[in-house]
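Following this line, the structures themselves.
Paired with subunit B in one complex and with subunit C in the other, subunit A is shared by the two complexes that follow.
Now for the complex of A and B:
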């Protein structure tokens, strides 16, 4: 190679590399880099109890570093002989959206951008067709005459389309009927979001942000621990509460007593009683065969 | 053994080198494409840092132009097979040597497909969760896992077929039938499967009535076999112009026949779809949104009617003898490609999300950053295809062969000009 062509080749090579570096320069702002530990983290179902301990400790450290508060993160398992069912009384719901906000607070949902698991539809009398529902109603006071209100959240289907379509088993149904997401395994393809007939899944389009003073430190691995950018999340019936015998936050806050929750396998539970005695109760989009564990009923 | 390995490495090295030499037109073309690639890379770096919020997508419309382009390009890749079938099943001699150009286009299209799904991932760092054995591939339940398998399999099949045939030509030996004919036939079936599986990705969603319809699969195949060969017709003419590679008009007209039949079927299926949606008066809300608008929202209406107009005009041109002239044929091909690109993208993926399953209408418009990434991936695809052609044309012409190993490569200083056509 002679001197001239050597110089030419070097010049082309150098400018090419410079252009490449310049185009990649936004990566310098990548603060949430993936550590090796997180990169190789195993799938939830493959973690040994010992490894799970390590992972929980690491998550507690990460949350403390980010939010300045030491959380208590637990890996709560489903209880034997329990299958959760939700029943919502459409006659009683007044559309106040207190459930929406209690859920946001309990489950450490991102405030900017805003993520909410529950969507309340304002429905005109005489129709259960969601396409007639109004999402952004904001009157002086609720309820309004001529309308009823229908809160929709994850229906915890017995035959969940979201679980079927996930290409990496990052979302699955637990034995107590709750469909959960392994936030550290989800690849963010959003196929489950396309598959869900109830628009119940939410994606973290950017790094979620929560004010430090609003963090709920009582956390579960498959529940309300803070999520990261690029993964899916959804309602999990407040796993961190219900698996230790408490009610979901949306139920506790409801001022109208429209929300009922319990173990359908227990014949003495409130939900068993409701499904046994109410003359009319429905599953949303029953015809799709998803078989929700979330029932809407009417007072008779 | 070592000798064979050495020969193969020399072959690869010479192929690699020739990709970097050409006349000024070649450098200009490659330079422009590289600039667009880098722009796309820059946009992707921004997306990696800030997340998919840099796109126009939302929880309501959770897939956008990435998946739309992906869907279109799977069709292009699948359509390469429409050149293979005439050659290997009907022994069409005209197309025989051109098959490789079609298959190389399939390879480039699959590379673009893989790029488009990768940029759509929220956590690309977790791609290894998809690798069987290492991760947790949800096979066979998830149609996406099928897609991962068939796309990568199709890529390997085509790389093998093209690579083997080219290497044989390079060494001037007769390809062993057993080494590629079975793969060719597997690839024919496989090509249909990649687009069928991609259609099933949508069809399998019971909560989205717009997609959950049995006509989606057949329409995918019909439109792919229209747009793909149309793209090949244009590509072949460009190859013919910038290299001295001989391509007959008859070969182009054979492909025209394929485009013609496919477009007729595609339009027929469209008529079926529109009739079913609108005659009974209880059409799916997404169809209303797409074709006529819904509750005052109609962002997609101009798109779909442009697509339908292009398809209809192309269909009439195709059935008229007029399109036997290359000038008209080229116009027709452009209409087919643009029409189907819109139809498979804006016309299929986006309206499936509008309104949402809870009846909310949120419209979608790709952001600038998102568009730059798409442009970057298209530039990358064209760059790859150009490089493939830059390597394969001289091999097919016998100018890059083992016999002239010791001579300077064609196009290098002192050797005959590479690209400029000889009078």
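Now for the complex of A and C:
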């Protein structure tokens, strides 16, 4: 081989290798997508308390690196003797959508693209057919004459179709009735989204984006810790609030007092009283047999 | 063997070139291809490093929602709220203008509608349909204007106004006591912390009780409209 052809061949080889290296360069940021600790992490239900501590620390570090805020992440377990029920008073709801945005703020939902757990339907009087619902209403002021408003979110079914279809058991029903998602176990197949008759599940098609100043640092593992691209999420009755005894964020912001939440096993709770005394229009799409824990009702 | 041709090979290229022009042509081609490959590879490397493809189209950021929509404050503030916040209570200082022990005289037009004096022009009377509840002293105490009174004569302080409401709206009051009517915040689990229950007048104007209408928060934005145009603050239909 003469000198010239040697130089030529090595130039081709060198540039080819450079191109190959450059094409693999995104691997340098692999840690952003999956850290080794997360990759080898065990299933949520198999984690020992010690391992859980490590996991929570890892999540805190990851959130701090990504958003510049040190969060407080907890793993909250269901309380004994508690089964959550939500009751929503359709006579009171004025359709102001404050619950939608309080939920986004509380649960660290992506702002661009937009992910919202609650969808408020504007429905004509005289029908409960959700097909007649309209969610893009934007009048000067609400409520509008001749309409009522029906916020729809995860119904926390007793017989949840989304849990049945999950091929990896990344979503399950807890003993207090909340159906949760382990965002570190979800493979993003979206079967649950297809199975849900209430359109309650949301998929992260892109990396969610949340401005730093709108991060809620009070987080829970099965609750509002930031999600990543390619996983499902859904309403979890504000686990980080309700499992320490507080009301969910959507309830506290409702200006009309249309939202009621509590423990159905406690006969003195508001929800027990409501289900006993009010005209409860049982559950949304009750004919499907999902048996929601979310009740819509009317009063005077 | 042909001597001259062996010499040709030993002497190298020029003779061969003259004798077999196609051989140089293929070398020339090889040089071109290799140079082309170098350019291509360098270009690819640059493209990979700059991540020219594989990057999704940038999304127009959706405007953040006005923090006013995240506010958990009530629609109105009750007398108790004003006292707690140490704010201006002059609206409740009746005897700054009225005389004690001299009940104000109510005036009506020919249809028995209450004529509201200029000093109270901020009050809109709309309690009860068809102007039925048109007597100030159905709720206010005639002799002591700084008190309220129920229709059976019980005297009630401004701070306890919900009891007055309950003297007519019994079932609603019952719901309110349980927590089924009106706003509650704090702890559903009473053993973990306190609750805050709002008074009737935190949401209802006692002179015109229907819940006021308000502008709705922005509706949902579609994902595919993001790549096309900046989104207006309020969604279009």
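Basically, the second predicted complex is superposed on the first by the 266 of 300 C-alpha atoms of A that agree within 3 Å, B and C clash if a C-alpha of one lies under 4 Å from a C-alpha of the other, contacts with A are read in each partner's own complex, and residues count from 1 in each chain.
Quick note on the criterion: contacts are C-beta pairs under 8 Å (C-beta built on N, C-alpha and C of every residue); 3 or more make two chains touch, one makes a residue touch a chain.
Everything numeric here is computed off the predicted structure, so don't read it as measured data.
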For A:289, select first, second, both or neither according to whether it touches subunit B, subunit C, the two together, or no partner.
first
Return first, second, both or neither, reflecting whether A:206 touches subunit B, subunit C, both chains, or no partner chain.
both
Classify the contacts of A:119 with the two partner chains as first (subunit B alone), second (subunit C alone), both, or neither.
both
Touching A:231, do we find subunit B (first), subunit C (second), both, or neither?
first
Per the contact definition in the header, classify A:164: touching subunit B only (first), subunit C only (second), both, or neither.
first
If you stack the two complexes on chain A, which partner ends up touching A:190: first (subunit B), second (subunit C), both, or neither?
first
Could you look at A:57 and tell me whether it touches subunit B, subunit C, both or neither (first, second, both, neither)?
neither
Is A:27 in contact with subunit B, with subunit C, with both, or with neither (first, second, both, neither)?
first
In the overlay, answer first, second, both or neither for which of subunit B and subunit C A:70 touches.
neither
Would you tell me the residues on subunit A in contact with subunit B in one complex that are also in contact with subunit C in the other?
16, 19, 22-23, 25-26, 113, 119, 135, 205-206
Quick one: which bits of subunit B touch subunit A in the complex? Just the residue numbers, please.
34, 38-39, 41-42, 45-46, 48-53, 55, 57-60, 62-63, 117, 120-127, 129-130, 135-138, 141-145, 148, 201, 204-208, 285, 352-353, 355-360
Any idea which subunit C residues touch subunit A in the complex?
31, 34-35, 37-38, 41-42, 44-49, 51, 56, 59-62, 64-65, 69-72, 74-75, 171-172, 175, 178-189, 191-193, 198, 203, 211, 213-221, 223, 226, 234-237
Along subunit A, where are the residues that touch subunit C in the complex?
8-9, 11-12, 15-16, 18-19, 21-23, 25-26, 79, 82, 92, 94-98, 100-102, 104-105, 111-114, 116, 119, 135-143, 205-206, 209, 211, 214, 242, 244-247, 251-257, 260-263, 269-270, 273-274, 277-278, 299-300
List the residues on subunit A that touch subunit B in their complex, please.
16, 19-20, 22-27, 29-30, 34, 39, 43, 113, 119, 121, 129-133, 135, 152, 161, 164-170, 185-191, 193-199, 201-207, 229-232, 285, 288-290
